[in-house]
Amino acid sequence: MNSFGLKFRVTTFGESHGKALGCVIDGVPAGLKIDEAFIQDRLDKRKPGKSKLETSRKEDDKVEILSGVFEGVSTGTPIAMVIFNTNQKSKDYENVKDIFRPSHGDFTYFHKYGVRDYRGGGRSSARETATRVASGAVAQLLLKELGVKIVSGVSAIGTIEAKTHDFDYASSSPFYALDKSVAHLQESAIMEAKNTHDSIGGVVITKAIGVPIGLGQPMYYKLDAILADAFMGINAVKAVEIGDGMQSAKVKGSINNDQINKNGFLSNHAGGILAGISNGDTITVTTHFKPTPSIFQAQKTTNTQNEEVLCELKGRHDPCVAIRGNIVCEAMMALVLADMALLNMGSKMEHLINIYKK
Amino acid sequence: MNSFGLKFRVTTFGESHGKALGCVIDGVPAGLKIDEAFIQDRLDKRKPGKSKLETSRKEDDKVEILSGVFEGVSTGTPIAMVIFNTNQKSKDYENVKDIFRPSHGDFTYFHKYGVRDYRGGGRSSARETATRVASGAVAQLLLKELGVKIVSGVSAIGTIEAKTHDFDYASSSPFYALDKSVAHLQESAIMEAKNTHDSIGGVVITKAIGVPIGLGQPMYYKLDAILADAFMGINAVKAVEIGDGMQSAKVKGSINNDQINKNGFLSNHAGGILAGISNGDTITVTTHFKPTPSIFQAQKTTNTQNEEVLCELKGRHDPCVAIRGNIVCEAMMALVLADMALLNMGSKMEHLINIYKK
Amino acid sequence: MNSFGLKFRVTTFGESHGKALGCVIDGVPAGLKIDEAFIQDRLDKRKPGKSKLETSRKEDDKVEILSGVFEGVSTGTPIAMVIFNTNQKSKDYENVKDIFRPSHGDFTYFHKYGVRDYRGGGRSSARETATRVASGAVAQLLLKELGVKIVSGVSAIGTIEAKTHDFDYASSSPFYALDKSVAHLQESAIMEAKNTHDSIGGVVITKAIGVPIGLGQPMYYKLDAILADAFMGINAVKAVEIGDGMQSAKVKGSINNDQINKNGFLSNHAGGILAGISNGDTITVTTHFKPTPSIFQAQKTTNTQNEEVLCELKGRHDPCVAIRGNIVCEAMMALVLADMALLNMGSKMEHLINIYKK
Amino acid sequence: MNSFGLKFRVTTFGESHGKALGCVIDGVPAGLKIDEAFIQDRLDKRKPGKSKLETSRKEDDKVEILSGVFEGVSTGTPIAMVIFNTNQKSKDYENVKDIFRPSHGDFTYFHKYGVRDYRGGGRSSARETATRVASGAVAQLLLKELGVKIVSGVSAIGTIEAKTHDFDYASSSPFYALDKSVAHLQESAIMEAKNTHDSIGGVVITKAIGVPIGLGQPMYYKLDAILADAFMGINAVKAVEIGDGMQSAKVKGSINNDQINKNGFLSNHAGGILAGISNGDTITVTTHFKPTPSIFQAQKTTNTQNEEVLCELKGRHDPCVAIRGNIVCEAMMALVLADMALLNMGSKMEHLINIYKK
């Protein structure tokens, strides 16, 4: 249950304020060059405290590889990576030890397990996404060898939406904004939320370019379904769209269908997926993040004795989780595609003949 | 890959124009009364040809139980069910045998597998959802014993949206409309699409009431993530929302958070799920269906030799797949919840002590 | 839990005296020629009532393919097969309805599930192995394309052991005996057991020749471990050996090690597997079957009210389950190897480059 | 593939001469007291270098828990444990860097993956079993709460077999010998093998007492089949028996059947398992270990260029792997039973009603 993927399979562990977080990646083909600097770079992009738009918790998020790599190359055995926690302030959480922060996992974890590690949300903290990013980076290394490129960016902050999607711009923006022309408005909206001890929602668009035709395993491991699983599972995500998504439900078939000529599809309303299988066109996923539930306004809640109390948070929180979530989206896209690339092997007898008879 | 669920696990098989479709349900606890009439009733609600709003293909969709039930009660062994196809007209598909229908699985199935059963879409046909409904009905029987109730309805057809959500009305509406006041407009939109040889999208809302607190397995089998998987995997679905979904991304935390008093949550923006675990409140999923890709207008496409040709469909197709999709949504909700109820057993030592030491 | 294999995945269903047994095979690569006559032939070799050495229950065991095959070729979608029961005599079991037959699953099924289908052992009957044989036959068709050949035979009946292993002879022997010189003694032992209303144990040897190097997934899906799982899971099996098996534990390393020269291994004590991975040499599994527990002598037992009663069986039973078990062994070998051949794809980056970049 | 178990699921990583070994245990119910001293004690019993009968490699095998435990109690989140390697001598392996040690995984790892970590066998080293023992210790803590006790001992060294099985004696014997009367002969056999630069095989018996009736999931996750998988997967194991095992195949049903009276079974030839499900009696598994393949005599082999060379090993190796394997057997028994105890929950509707409706 703490594993993701079937053949490129990641198992993660660790709590926000425990000793360490980590992951074990099983199924990495042998012979992949493991570029540690790239993995660290992905973590650096996700790590907190890079700007005033993010939580002030500072973590180095220095990754250490414990196994599965020999002389810089994957050996086919599990790749374990750990990130030690260095900047926990557990005492920030003393006052919420017995109370349920509204819209957090506190309530559900407590009822499901009967006990909980209250420090910083424990396992339910978005800090866990560091391990998604580390393992996603390995998936990206694999996908690069196959010619797949993943990009992403923030399209909306609250109600302020991008009009254009410039992924180059996003990669240089401090909050991965897709549209320079509205970025300052979006930044103001974030700061306004922060300054009023509030938080704000946002939307991320993730694309994968150069994906081979044929990825996705019908009937119950379809590419779109597993992408939905992967993205909805990111902390704070409440909606996922593939291609035109919601817009598709509003139009007629004659508008929504992607006609074809010998050079390929004439449009890409489908977002690169038909019947759960990649069609060779760019894959597009839109992910909607709710505002960070941790806000610094007093809120009504109860405690573990079901007494009514006020929740008054301390601690350090992102005013908008979509920002760092953007990097996690790229990781999840990579994890899904690497897994699907491996799973698709053997869909035809030809694949087996290629490998075993030649 | 043709299985869904981990402990309440359904494996389905069958093609649109093959001999039969069917499913095997593994993990049904022994001692559940299997009400065959209820299962058949669910299939009858999904089956085609009930009204002019649906495809004119008429299938009895008569279900037959082959195993796993003895004297009306589940025995703990796999329950296999089959539905024989009786009204296939394979010759309707002779003329599309070598061409790719725009926005269908034809193109991707052909490239993934190298061969395809072109008759009626083969395995990629929405006819497969009959087996989801049959197995979902068994899940519903199990959930009823736990006090869980599932309802659903169609909230939008194209751009015409329900203003109120009346699930009682939906259950008596020929197209499961949620709002009587706009139902006639929605019906007109469907008929207009049909009469112009086109199709139209729609939106379904599905709710589960009375779900116990604690269902959902973090970190990678979260309740919301698996619901997203389940619903996105239904044919023609392009977006899935949990609770307020997209709306949550537009607002601030102070608006979106669900505060708590000793009687429970003061609002339900979360749609009954926090940190991937049910919180006891009503679970809400909104599902967006694209318009049926099979339309009767000429469309540009290619064939298996990559020659450009016109696609001119015959056959019988739903003008709006959201309608019958509505019943499939209930089935998927039930399958996910039954699985999660079983998986949650053992989350605490107390559960084991209860079962093994008392 | 009623599924076997990860990528070549078989799900079986059905009870001894229910309507039908069947299986769904998921993961068969598209483009495999499905030779139905071969599948039926395997079932015919396993089916009961072929000689006086077997139970007199006569079943046609006629297999019907419901899906996944189009124009004689696999399409990549699940292949479902059913075998309808035709010669059940449920009333044979009326008198054991409430009692536990010694060394049967009656006792454990009743306690685990609280209910049981007592007719002919229900799901615990060896009749279930028909579906293993049907799906194993499809695995054999796949393996033939890769140059793998599977043979087997009965090496011992009770204490009478074969001195030579002649797999050609076995294939023509009515009870798959490996050594013509002791076959008549073994046959007498079976008949003697039968005539005294008793039963007798036996041993089967199964070999796979031409298996590619590299099959088997360490650390917890090793080839030898999964073969042990597969063979121990066959009804009545109580011990499994790989290669020299038990003998290896009695000797020194200098005797047991297989030295190597440039043409390959100088001996095969290992049975073709090193560190859980095939080494290219012949794979050998030895399987020990206990005597059929259903004997026609009075035995002490209890009933569902825990009262002491005598068990006096009617019905029709094999005097030696190892005989028909021999065919099941071949099926399990094939299922494991087909699965492993698929799973191994992607062990090296080279495999991915082959398939996606060429 | 580096995970074991379905609900109590262990994922392990690490190489013999890498930075660290470790495991992640997913599915430990919340509220289990985690006794670290017990875990360390199990590791101490397995660790090398305790006597002259074992390899002289000395490892502290000090375990560190990184997650999943809060204030001494499991929280329901993954428990990660690491053991850092401290006493590697990689240069011992320089001379076998390119050659295949006879009967090792060198040959198969190289061919499967194209690369290998040659230092100490890399991942294929029995050093990996430290992580089995660490996770097995957590399983044992869980099973203790359910009243299950696991014992084991060495019954044979080479051809010298125990006549009695005294598990108390075994726990105090330096090589876990079951029979004091032959222990000195067995010890001499080990020393003789060691002194002649050879190695020797051995046999281990493992028992589980007090196992609840009903554990084991037919049809393809039977208790006996998964025990066979678990034990055969231990390094150097070549045969596994349940209950009377091989002996059962030599006798008649009237001898082998376990008759029943109201106090239970009158014998236990079955080894506590019927039809793949525990029957409440003691579970018995017999495991046959081949002699350590690493011997210090010159052996014929080839190198990665398929040139014939002599293998002349340095390094430090156990003369008899069965000894330390004994502790691993207990761990595997515990892992299987803990998993089965969790999986069995939900076999009856009664279990669900107990947990969700009371």
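Letters A, B, C and D mark the chains in the order given here, with residues in each chain numbered from 1 onward.
The rule we apply is simple: contacts are C-beta pairs under 8 Å (C-beta built on N, C-alpha and C of every residue); 3 or more make two chains touch, one makes a residue touch a chain.
Since the model is a prediction, treat every value here as computed from it, not as a measurement.
At the interface between chain C and chain D, over half of the residue numbers involved are used by both copies, so each side presents largely the same positions. In this structure, the chain pairs A-B and B-D differ in their number of contacting C-beta pairs, and the larger number is found at A-B. Comparing mean CA positions across the assembly, the chain most remote from chain D is B. Chain B and chain C have CA centres that are 38 Å apart. Computed centre separation for the pair chain A/chain B is 26 angstrom, with centres defined by C-alpha atoms. Each chain gets a centre from the mean of its Cα atoms; for chain B and chain D, those two points are 44 Å apart.
In chain A, the residues touching two or more other chains are 1-3, 12, 27, 30-31, 76-77, 109, 112-114, 123, 218, 347-348, 350.
By the touch rule above, chain A contacts chain C in their complex via residues 7, 27, 29-32, 76-77, 142, 145-147, 212, 218, 341-342, 345-357. Across the complex, chain A is touched by residues 1-3, 9, 11-15, 18-22, 24, 26-27, 30-31, 64-68, 70, 73, 75-80, 82, 109, 112-117, 122-123 of chain D. Interface of chain C with chain D (complex): residues 1-4, 12, 100, 102-105, 107-109, 111-114, 123-124, 128, 156, 158-159, 193, 198-203, 213-214, 216-222, 224-233, 235, 237-246, 248-262, 266, 269-271, 273-280, 288-295, 297, 299-302, 306-308, 322, 343-344, 347-348, 350.
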